[in-house]
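Look at the two complexes coming up: subunit A is in both, with subunit B in one and subunit C in the other.
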Partner chain A sequence: MNPLKSTESLKELMCSYYQSFKTPVAWCTSAGPAELLRAFGFTVYFPENHGALIGVTRTANHFIPLAINAGYSGEICSYLTCDIGAYLAKSSPLTKAYGLSSVPQPDLIVYNTNQCREVADWFGFYAREFDCPIHGIYPPRHLENISSAEIDLVVHQLKDLISVCEETTGEKFDQDRFIEVLRLSSEATNLWQQVLQTAKSHPSPMTFFDGTIHMGPIVVLRGTQECVNYYGTLLDELNERIKNGEGALANEKYRIFWDGMPVWGRLRALSDLFAKNNAAVITSTYCNSWVFDSFDLNAPLQSLALAYTQIFINRGEETKLMMLKKWVEDYEIDGIVFHDAKTCFNNSNNRFGLPDRLRKETGIPTLVIEGDLNDLRFYSDGQNQTKIETFIEQIAA
Partner chain B sequence: MTGNKNTFEELEEALKFGWSLLDDLNFQYISDWKNDNPSRQAIGYFPIYVPREIIHAAGMLPVGLFGGGSHLQVIKGDAYFQSYICHLPRSVIEMALDGNYADIDGFIFPSICDVIRNLSGVFKIIIPGKFIKYLDYPQNFDWGVGGEFYSLELWKLQQELFELNGIQVSSRDLNHSIILYNKNRRLISQLQNIRSATPWKISTADFYAVMRAGYVISVEDHNNYLENVITLLGQIECEPEDKIRVIITGSFCEQPPMGMIKTIENAGCYIVDDDFQLGAMWIVGDIIDVSNDPMQALARAYLEQRVLSSSVYDSDGSKGNFLARLVKKHKADGVIFCAPSFCDPALLDRPELEKTMDKYHIKHISFRYHENLGQFQVIKEQVGTFSDSIKLWA
Partner chain C sequence: MTDHFLGIDLGSSFTKLCVIDSDDKVRFKTVFPTLSRNRHKLQENLDFVYEKFAIQSRCVTGYGRITYADCDVKKTELICSAVGASKDFPYRKTVIDIGGEDVKIIACDGSGKVEHFHMNDKCAAGTGAFIMEVAEKAELGDEDMSQLAKSSDSAKELNSFCTVFAKTEILQWKFAGVPPEDMAKGIYLSIVNRIVKMSYDRNLPVILCGGVIDFHPYISELLKERLPMEMHVPEDPQYISAYGAALIAMREADRLKSSAHLVSSVEG
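Presenting the complex of A and B:
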């Protein structure tokens, strides 16, 4: 593996983000309307990022039993169970990583069910714990073509959110400020898109596993200048690699697409496993989830509604197939791995025959590996190693 | 037991009719209904709630689809889905592939959860050419936000049905359908009151079969059927047994096997309320049936007269209080949380509901099932212990 130099500035940036919390604090889902919240001066905290940190530090299985003990089922989202479990244990990886005594206390909690319904229950728990106002955006789901009525529904709800923000902060909505945040978010998300698209090069200068780490700022800092700056730097480094013919892997023979959630507690192991077999996992549905390319400064609220409603995870089966097909073609993919995350129904796209249909449409082999985003009891190293190695051998044959 | 022998026989006969419909996976009733007039069409819909009035007004037969339950051995369906999602989609796919839905001309998948949403996409693939509709519901209940969106969804649905059979629906037609379904809800409510007040007169299994008939037969037929059963129940008297009164919650979509319902009853419980076939009771009270804009009346009813269910997102804890009120209303001794395996909505709601039950000192237990579960011994022991503990120490 060829480590990216930008990782050092990434660490600094994430550290400074976690030191930055000051009242008012809003909690937001990762594909929620963070731009509106920032426009009101909230510092924004993302519980999913916390969930991922718990996963990466492989501490989820310490915390999940506490949530189960509190009545939550082990079959529901392990972000939810490990995060609530950590809260109940009064513990957080943020303490060791960034010196925070706990997660920042919310003044407002906002979620968008574009990704799943679980966020409503997850965030609702904290609204009750902190006795804090909560507001949900509920877009239509499972969309193929998106109608203006569907976007109007979301715009109405965003307007309601504006009123909630005004009430919480005591400040009037400042349209210019919102447009400025949206401009920064748009710039950052465009850069992030370009970063991901560098993987179209042969060899690819980055992998999906790099992406899962370097996506931190686009999740937690979009709408800030720091975020724009960071992706500018990262993009420069990747373009430099392309210029020098330098790949993320020493010997990239096969190009793999990853669908579904990362297995946070096995990023390194999986990265090494693919690399050892000269297979570069170059792109994913997951990292592309933070490409919001429809932001339009001339129609800020409408475009915000559209951007967050049209994400892959919120689409119908036919659109998902089309989107995957395009990625497979654009990135010249040799094989697709579907991660069937046991506790993440909505981001496991293998469950309704999509791998089969995609294989028929593209002729590209597909593999389903079973695991989970955070609950490693559902992940078998041995089984998945055998599956992945066999899969790569099949591609090679 | 007191009452005319003939009354008991008539009641038994009436209940048999409900059971025969429940056991008929080939929907003979629909075939007969269509044979009477070959231009007729039947529209299947999946749990939980669908505004059947719109389908009925279009001259179509709305048919509620729940899967094959314990009658069906799922083989092909298992090939489509992982073992760790709920059983309903596998059962439904099995039936679709086996041709059980041959007489059904279109399918509506209402928004419940990720499974049902995605199942609509799969149906488009496995039954090409048929009308497949995913019907989204608003989670925002302000008229200006969710109401307008939902009204548009309903108009769209009506238009799509028109494209299927060419029958133009007038406000008068729709109002007429609303009248019939209002009556249906009132009769169901009446039957529910009888069950709650005198659960020894009709078992929940039988009550279930009577209700379930309404998911297959026309609303006109179901109204007659309900009236008959209610009349007959009014003519009999039975002795109560020493059982506790429980409410079952969490079984609103994939249905529990009949064996499990009977097991719970046999283990010392009168089930005085449940959410098994929630769609039929989704709207509380009458929908306005004299409006110039009946579509708006239907949309408003969804927004303002719905029950609280796990398929509706809720972060303010009102579902717990709703359940507590049901406990009080039905004078229940306890609550059984009984959800299908891997049912995210029910499992996500459960911790908060349990907390509310604890707050009001309402006893509760929980377990899970799947629709073709065949082993009930553990449930019998658990429920039996629950019943005994309440009888002895509550």
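Presenting the complex of A and C:
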């Protein structure tokens, strides 16, 4: 594997982000309306990033039992169960990684169910714990085509959120400030899209596994200048690699697409396994979830509503199939891996026949591996290694 | 001395060795527990093979392949089963390989090229380990279990896919005085239910292989009743993967020879 030099600035940026919390603090889902919150001067904390950190540090299974003990099923979202469990244990990976004594306390909690209903229950727990105001955006779900009526509904909900923010901060909504945040967010997300698109090159200068690490700022810092700067730097490095014909893998023979959640506790093992077999997992639905290419400064609220409603996870099966086919074509993919995450029903796209339809329509082999985002009790190393090696052999033959 | 090729299948329950000659004929085969108390068993068998046969190359497969170093090529058991089953069944088919800890459904072409595959999820239900665990609780001897089950006309099934809960159910059956033959058949029906739930191309013939079919042949009869496809059981179904590994070892030897030949002609 060929490590990216930008990783050092990424670490510094994430460290400075986690040192930056000051009142008022808003909690937000990763594909929630962070731009509106920043426009009100909130520093924004994202529990999903915390969940991913718990996953990467392979501590989820210490915490999940505490959430189960508090009445949550062990088979619902393991971000939710490990995060609530960590809270109940008064523990956080932020302490070791960034010196924080705990997660920042919220003044307002905001979620968007565009990704799943679980976020409402997850964030609702904290609203009760902190006796904190909470507001949810509930867009229509699983959409094929998106109508203006559906966007109007979301805009209406965003306007309600504006009123809640005004009440919480005591400040009037400043449209110019919002547009400026949206401009920065748009710039960052466009750069992130270009970063991901470098994987169209042969060989690809980055992998999905790099993406899962370098996506940190687009999740937690979109709407800031630092985020724009970071992706400018990362893009330069990747373009330099392309210019030099330098790939993320020493010998990229096969190009793989990853659908679904990462297995956070097995990023390195999976990255090494694919690399050892000369297979580059070059792109994913997951990392593309933070490409919001509909932001429009001339229609800020409408475009915000559209951008957050049209994400892959919120689409119907036909649209998902179409989007996957386009990725397969654009990135010249040889095989697609679907991760069936036991506790993430909403982001396991293999359960309604999509892999079979995709395979029939593209002729590209598909593989389903069972696992989980954070709960490694649902992941079998030996079995998945056998599946992945067979799959690569199948592609190679 | 004739050239020979060795397939080593380090399965989760049993290790199978298979030696073939250049005409694909099996010259030696043996099976023994993978993790027996006698840790030297594998080496003793390998010593015997190396002494008796001129082994040109070795292919290792099975879960144990990952850490096993003394070989020329490693392939997964899915690849090996597909190649092994294609020798006698050289047409498009589904290979169902029921092993110690997994069930593999492999769609492959006549040459053994894998076109698509499924495996059971992370659960031992439907596998050899399930039968061993549950049969032990039912106090059934493994060896006569198939005959025993065949004599039952009961349709009583174990409802649970979970090995632990299945054992609890068996305990209830024992308390209720369910005869051993009905318990044996019930265990098999549970396996069959698990296997028929997996995804197949229903237009392709099926080749059944793996240790479970070898030890529990009645399962193939029950599967034939439940699945509409034409179904075949090869001779020595437990050795199909090791045999496939031996065939792959032979291909590898040919490949090494031709690249050595290429190098020598370039150097020459």
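In this text, the second predicted complex is superposed on the first by the 397 of 397 C-alpha atoms of A that agree within 3 Å, B and C clash if a C-alpha of one lies under 4 Å from a C-alpha of the other, contacts with A are read in each partner's own complex, and residues count from 1 in each chain.
Here, a contact is a pair of C-beta atoms (placed from the backbone, for glycine too) under 8 Å apart; a residue touches a chain by one contact, two chains touch by 3 or more.
Please read all numbers here as calculations on a predicted model, not as lab measurements.
S.K.: Check whether A:Arg359 is in contact with subunit B, with subunit C, with both or with neither, and answer first, second, both or neither.
M.R.: second
S.K.: Quick check on the superposed pair: does A:Thr386 touch subunit B, subunit C, both, or neither? Answer first, second, both or neither.
M.R.: second
S.K.: By residue count, which of the two partners contacts subunit A more extensively, subunit B or subunit C?
M.R.: After superposing on chain A, more of subunit A is contacted by B.
S.K.: Looking at A:Ala397 after the superposition, I want to know if it touches subunit B, subunit C, both of them or none. Which is it: first, second, both, neither?
M.R.: In the superposed model, A:Ala397 contacts subunit C only, not subunit B.
S.K.: After the superposition on A, what does A:Thr59 contact: first (subunit B), second (subunit C), both or neither?
M.R.: Neither partner.
S.K.: Tell me the contact category for A:Ala127 with respect to subunit B and subunit C: first, second, both or neither.
M.R.: The first partner, subunit B, only.
S.K.: Touching A:Ser204 in the superposition: subunit B (first), subunit C (second), both, neither?
M.R.: neither
S.K.: Is A:Tyr138 contacted by the first partner subunit B, the second partner subunit C, both or neither?
M.R.: After superposition on chain A, A:Tyr138 lies in contact with subunit B alone.
S.K.: For subunit A, what residues appear in both contact lists, the one with subunit B and the one with subunit C?
M.R.: On subunit A, the overlap between the subunit B and subunit C contacts is residues 340.
S.K.: Enumerate the contact residues on subunit A facing subunit B in the complex.
M.R.: So the residues of subunit A in touch with subunit B come to 70-73, 75-76, 113, 116-118, 120-121, 123-125, 127-128, 134, 136, 138, 140-142, 149-150, 152-153, 156-157, 160, 316-318, 340, 342, 345-346, 351-353, 357.
S.K.: Which of the residues in subunit C end up touching subunit A in this complex?
M.R.: Interface residues on subunit C, with respect to subunit A: 63, 66, 75-79, 102, 113-119, 121-122.
S.K.: Under the definition above, what is the set of subunit A residues touching subunit C in their complex?
M.R.: Spelled out, the residues of subunit A in touch with subunit C are 340, 359, 365, 368, 370, 378-380, 382-383, 385-387, 389-390, 393-394, 397.
S.K.: What residues on subunit B touch subunit A, complex-wise?
M.R.: 80-82, 84-85, 111, 113-115, 117-122, 124-125, 134, 136, 138-140, 142, 144-146, 148-149, 152, 313-317, 341-342, 344-345, 347-352, 354-355
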